[in-house]
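Chain lettering (A, B, C and D) follows the sequence in which the chains are written, and residue indices restart at 1 in each chain.
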Amino acid sequence: MSCSCGSNAENVFLPKEAEIISAKKMTDTETHFSLRMKDGSTFDFEPGQIVEAGVFGFGEIPLGLSSSPTQTDSFELVVREVGKVSKALTELGEGDTMMIRGPMGKGFPLAELRGKDVLIVAGGIGLCPTRSLIRYIMARRDEFKKFTLFYGTRSPKELLFEEDLVEWRASDGVACLETVDQADESWKGNVGVITTLFEKAEGLDADTHVIICGPPVMYKFVIQKLVSIGIPHSNVFVDLERRMKCGIGKCGHCQINDKYVCLDGPVFRFSDIEELEEAI
Amino acid sequence: MSKNVNIDVHHLTRVEGHGNIVVNVTDGTLEKVQWQVPEAPRFFEAMVRGRHYSEVARITSRICGICAVGHTLASLKASEAALGIEISEQTAILRRILKHSENFDSHVVHVFFLVAPDLLGVSSVFPLVQTHGDVVKLALRMKRLGHEWGSTIGGRTTHPTRAIVGGFASLPGAARTVREGEAALKELQQKLLNAVPDAVKTYELLGELAGNIPSFTRETEYVGLVDDVEYGLYDGKIGCLMPDGTKELINVSDYLSVTNEYVVDQSTAKYSKHNMDSYMAGALARININYDQLHPEAKKLAEGLGFKAVCFNPYMNSIAQFIEAVHSVYTSVELIDQLLTKGLKDEKPVAPTKYDQGVGATEVPRGILFHEYTYDSEGFCTVGNCIIPTGQNHGNIQCDMEKLVPEMLEKDMAEKDMELGLEMLVRAYDPCISCSTHYLDVTFKK
Amino acid sequence: MAKVKCAWFDFASCEGCQIELTNYGEPFVELLQHIEIVEFREVMTEKTEAPIDVAFIEGSFTRESDRAKLERIRDRAAVVVAYGSCATCGGINALKNHTDDYKQEVYGADADKPHLDSTKALPISAAIKVDYEVKGCPMDKDEFLGIVQQLVHGTAKVYVPSYPVCVECKRRGTVCRFDEGDYCLGPIAQAGCGAPCPADGIPCEACRGMVQDANQKSMEKVLMENGKLPERWAKQKTRMFTANFREDA
Amino acid sequence: MKRCYISDEHLNGFVEALMGRGPVIAPVAKQSRFVFEKLETVDDLMLDYDTTILPPKVAFFPTKQELVTFDGKEAKSCINPTDQVLFGVHPYDIKGIAMSDKFYTDSHVDENYMANRRATTIVGSSVQKHYKHAFFGSVCMEVEVIGHDMFLTRVAGGYVADVLTDKGEALLGLGQFGDATDAQAGEADQVNQAAMENCPEKLENTSAQIRDKMRSSFRSDVWEELSEDCFSCGSCNTVCPTCYCFDVQDEWGLDGVSATRCRTWDSCLTAEFSEVSVQGGCENFREQRAERFRHRFMRKAAYLNEQLGGPACVGCGRCSGACTADIANPVVVINKIMEQ
C-alpha cells in the first residue's frame, strides 16, 4: 500500500533561520534584536502580530513584533529576560541565528483605525508590540487623525526605546505622555499610575479608538477611565498575553473560554471578550 | 624502634557511607587502633512500626541503595514467615535471579570503581577514563548489565518495585502477557551470555593485578547462608565455618544466637561475635563455606586466579566477589532456562494466612542480612529488627587491624603506606555503612 | 566550553541516588566530557576546598551539626542541586518525624547519649538555599541527566512538571491501581518520574513529595472509599515519603 | 456503501493478512482493562472489549511525539509516517478521531498529526460489551460517524463488513469476504441500534439545550461544589478521545549539542497549564480548580459546538472511570447542571 501523504509536506513546527543583524541591551532585562530571514524572504506582517522565536535545546516563546511592516529590510523583536527561553535568546548576539516561526495571529485593526483619532496606552513591555503600530502610524501619519500615546513604566530606568521616545516627543502630530510609578532625580515628568495621564490629555472623545497593552492589572483601570469619557467598548482593543506552545490554534494553552489568543488575537476588540471571565 | 604514627582518616573515601580509621603509635607502642562509624542514624526499626505489611519492604529497602534488592528480599521473607505465606516455585526462582543480579551489580561497582584504583595506584576511577578508557567502558558496560538484569525482574535495582509480599506485582519486563514475559527473559539470558567476553577480560586484568593484593592472613570464623538448592545466596540456613573446618548449621529463626550484638567501650558501632572474638560475612565467607557449590565455570576462574578455599586473607574478598559475579551470570542463565522450560505463569501474589512474628535472611553482597517483624491482627507492624552484614563485620575489621598494625610496624612501613594498607583493608570488606540502622554516632577528638 | 566543576556530597540517605548515576553504563563517559568531578567521597580520594560550579547534595538534613557543613558547601558552590527525596523533601527519613521515641526504640538504654543527635528529617533547603531539585526515591536518572544538561548549558530555569503522577501514568496507558482493587497516591504525588510504579503493578507512594495544593482531604476520602483502606491506615498513609507535606507536619 | 460478510473462522486469516502487510493496532487485554497496541499475534485481538484506557488516536498521535530535531547546525522535520491499520475502533471513537482530524486541519494543517493519520486505515467494529460508564447513545447525536474505511458488525456466525472508502475496498482482497445477505445486513443494523440504546448511562437533554444551559451557568456556585474533591490530576482529559491539547519541550541529546523538540499530551485540569509570566511574576488565568473543572465542561459541552456541529464529547465514559475522585462523569455533571 503506498502512502498517499506527502512526508515532505510543510511541518508547521519547523522554524526558519533568521540572522541577528544587531542585538542591543536596552535595560537590565530587555534586549532589542534586529533580524533578517536567512533565506532572503521578506517578512510580511501586520503590526500587533507575533512570532514564535526560539533556541534549540531551550524552546520557543511568543514575541510581539516591534518594528513597523513599512520597514522591509529587517524586522525587530524585544526580549525581556524572565526565564528559560527568554534568557537563552538574550544571550544571542550579532551574527547568531534565531529560529523563527510566524508571523501569527491577528494584529491591530489598521483598516478600522484609518481616519480615526487613536490613543495607545502602553504599560512596561507593552510598548514593544505597540511600537510596531506607532511606527506604522508615524510612517503614514496622514492616514490617521489625532494620535496620542500614553506610556508608563515602574521607574525611569525601565523606559524602553528612548531614541524613539525622543523622536516621538519632538514630532508634531503626536501627543506623547509619559509617567513612572516611582521617580528618581533624573525624572522631570509625571509620577503616578498610567491612568493619571488622562487628566493631562486633551481631545479624547467618544470616537477615539484605543489600543491597550500592558500588565493585566492595568486593563481594568484604563477601561474605567475610557468609559467615563464615553468611549464604547467596541472602540477599544486589547493586546493579551497567554502561554503558547504552538501559535497555530492547536495546543490549547492560550484559550480564553472559546477564543484562541494565537488565532483570534492577541489583539481583541474589548467588546468581544469583556464577557469572558478568564480574559483579564 | 621509636616511632610515632598518627593516622586519622576522617570519612574514608571509596566506601558507601561514612567511616573513620584512627591509629596512634607513640614511641613505638601502639596506643590506639580503631575503626569508627559516624553515620547519621536513621531509625528504620522505629519507622516500620505501625506500617502495613505491604509497605514494610518498601520502607526497609531504603536502608541501603546499593543492597536495596537484598533488603527488599530479606524483608519480604521475614514478612512472609510472619504472615504464613508459602511463595510459589516461580517466585522463588525469579527472586533468585534478582538476588544474583544484585550480587553481580554490586560486586562490579566494588571491584572496578572502589578497589581497582588502589590496585592501579590511582586515587579514583576518573583518571582511568584517560589512561584505561577501555577498562572504564568495560566496567560501565557490566554495571549497566547488572542494572538491566535486576530491572527486568524487579522493575528497578535501586528500590525494586515488583517484588512484593507473596510474589511479584508484574511479569518480567512488566510484560502484558506471559509470552512477552518469556521474551523478556530470553532477551535477558542473551545479554548475560553476551557478557562472557567482558568477564574473561576482567579475569585477565585481575590476573595481572593480583600481585598487588597485600598478603595478610588471620584465622577467623566465617558466617553465611548454606542452601540445599544452590550456592548460598538467596536462602538457606546460617552456616558457621570455623578455621579448623568444622561447620555448624543454625536455623534462621535463631539468628540472634549468632549475631549477639554488643556495645564496646572503645568503639561506637555495635559489634557481633559468635564462636570467636569476631566473625566475617560476605563474599569471602560465602565462598569459603560453599566452595563446592560454585558453578564449574566460576570454579575454573577461581583456580586460574589462585584462589583456594578456605582463604584467610580478607584482602582476597575482592577476588571472591569477582568469582561470585561470574557464578551469578552462569547460574542465572540456567535459572532462566528452568523458568522457560516450565513455562512462565501469570501468578497472583499469595495472601497471608496468619499475622504473627517472623524472621527472614538473605545474603547481600557484603554478607548475611536478617530482618524480623511482628504484625498485629490487622497486618500492621508492631516490632521490627534489621541486622546488617557491615555491622557484623565491624568486629572483624577491628580484630584484623589489631593484628595488621603491629605487623606493619614490624615491617617498618611508612605512615602513608600504613594508612593506604588500612584503607584498602576496610575497602576490601566493601562496607556499606549507610545501612546504619544500628550505629551509634560520635564526635571525634582530633 | 570549559568543563563544569562538580562535587558530590551526602548526608542521611541510602546513597541509592548516586548508584543510579552508575546505571547509565557507557554513556556516562559522554557526560564526563562536559563535567569535571572534583570531589565525590564514595568513588574518589581527592577532596577540594576550592570554589565549585555545581554541588550535588544527597540526603536529608537531620542534625544541627550538619548545618555548618552545608553552609560551607553553599559558600563554595555557585549552584547547589539537591537530589533524591531525602534531600528534596526529607523522604523516607521523615517517617519518624511525628514520633519522639524513635531513639529508645532503636538504641534502648543508649538512646540518650549526646552524640545521638538526630532531630526531624528535613530537606536540604531547610538549612541552605537550594537552586535546583531532582526529586525521587531513587531519583530518575534520565531526569537527572536532563537537568544536568540544562545546567551545563546555563539554563536560567529548569522545567520540571508540577502536575501529579496520574498525568504520566495515564499517558503511559497504565491500568489504574484503583481499577485493580488497589490504592494509589498518584493523584497528589509530584510527577516527573514517568510513573514507573503503577506500571509495575504497585501503588505510587508519592516518593517525590506532594504537588502544590495537593487535595489531601480528598485523597484520604478516596483511599477509604475507592482504595478500601481502613481509616487508621488512610490517615497515616501519607507519612511514608510525604510526612513533611502533611497538614499536621 | 458495499456490505460484505466474513465468517468467524475467516476473521483471523483476514487479520493475519493485514498483519503481513504492516502494523495492525488493535484492542488487546491489559489486566482488567484493554489498550490499543500493535498486535503481535492474532490471538491477542479482543473485539469484545468494552473500551480502552487511552483512545485509539494513540496510533497516529502518540502521547509523546517528536516534532523537530536539531543536530547542532540544522533543524529537521520529524514527519515520518508508516502505513498501518487501526483495527476494531468503536463508533464513538471514530467520531472522536473525526473531531481530532478537524482540530488538526482547521486554520492550519498540522502535518505532524495528519501525515500519520493519512497513513492509517481505520477498520471500525461494533460495540459488543458496554463500558460501565458508556453513554454514547445519548450524546453527540448530531455528529456523523465518518472517517473510517471499513466497519465490522458482530452478527451470528461472523461479521458484516461495511466498506466505506477505496482504502476499505482495498482490504477486501485480503480476506474471504462474501456479500452480506439482506438478513445479515438487517441484523447488523439492529445490533448497532441496540448498542446505542443499551448504554448504561444516559443524558436527558439535547446538545443544544445543554450548550445553552452550560453557558448560562458559567457563574454558578455549582462548579465549586462539583470540583471540591478534584485533584487537578488531568486523568479525565488525558483519556478523552476529543481532548487534543499538548505541551512542547526541548530535550538535549547526550552529546549536549543536538536537541529534539517534542510535544506531549497536556491537560487543562492541571494548575500549570494556564500559567503566564507577567512582568517577571507568574499569573494563572484559571487558578482555582473549580475554574479548570468548569473549563473542561465548557469546552466539551459549549465552546466547541460551533466548530463541530455538536459537543466535543462522544460518550465513551472513559473520564468517568479514570477519575479516582469519582467526580468527572459528564452524565452526572451535565444532568446536575440541567436540574439547576
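In the analysis below, contacts are C-beta pairs under 8 Å (C-beta built on N, C-alpha and C of every residue); 3 or more make two chains touch, one makes a residue touch a chain.
Values in this document were obtained by computation on a predicted structure and should not be read as measured data.
In terms of the distance between Cα centroids, subunit C is separated most widely from A.
The mean-CA centres of subunit A and subunit C are about 42 angstrom from one another, to the nearest whole unit.
Note: centroid distance subunit B to subunit C, computed from Cα atoms, is 25 Å.
With centres defined as mean CA coordinates, subunit B is found 65 Å away from subunit A. Remark: subunit C and subunit D have CA centroids separated by 36 Å (rounded to whole angstrom).
Not a single residue position of subunit B touches two or more of the other chains.
Of all residues in subunit C, those touching 2 or more other chains are 153, 159, listed in ascending order. Looking at subunit D, residues 30, 35, 249, 251-252 sit in touch with two or more other chains.
Shown here, the protein chains touch in an arrangement that is not a line, ring, star or fully connected set.
Screening every pair of chains for touch gives A-C, A-D, B-C, B-D, C-D.
Listing the residues of subunit D that touch subunit A in their complex gives 21-22, 67-68, 70, 75-81, 83, 103-104, 106-112, 114-115, 118-119, 121, 170, 218-219, 244-252, 259, 261, 263, 266, 268, 273-280, 283, 285-286, 291, 295, 298-299, 302-304, 306. By the touch criterion given at the top, residues 57-58, 81, 83-84, 86-88, 91 of subunit A touch subunit C in their complex. For subunit A in complex with subunit D, the touching residues are 1-7, 9-15, 17, 29, 56-60, 80, 82-83, 99, 124-125, 215-216, 241-243, 245-246, 248-253, 255-258, 263, 277-278. Those residues of subunit B that touch subunit D in the complex are listed here as 176-177, 179-180. On the side of subunit B, the complex with subunit C involves touching residues 11, 13-17, 40-47, 49-52, 55, 58-59, 62-66, 68, 109, 113-114, 117, 123-126, 129, 133, 136-137, 140-141, 143-145, 147, 155-159, 161-162, 164, 168-170, 174, 263, 268, 378, 380, 434-435, 437-438, 440-443.
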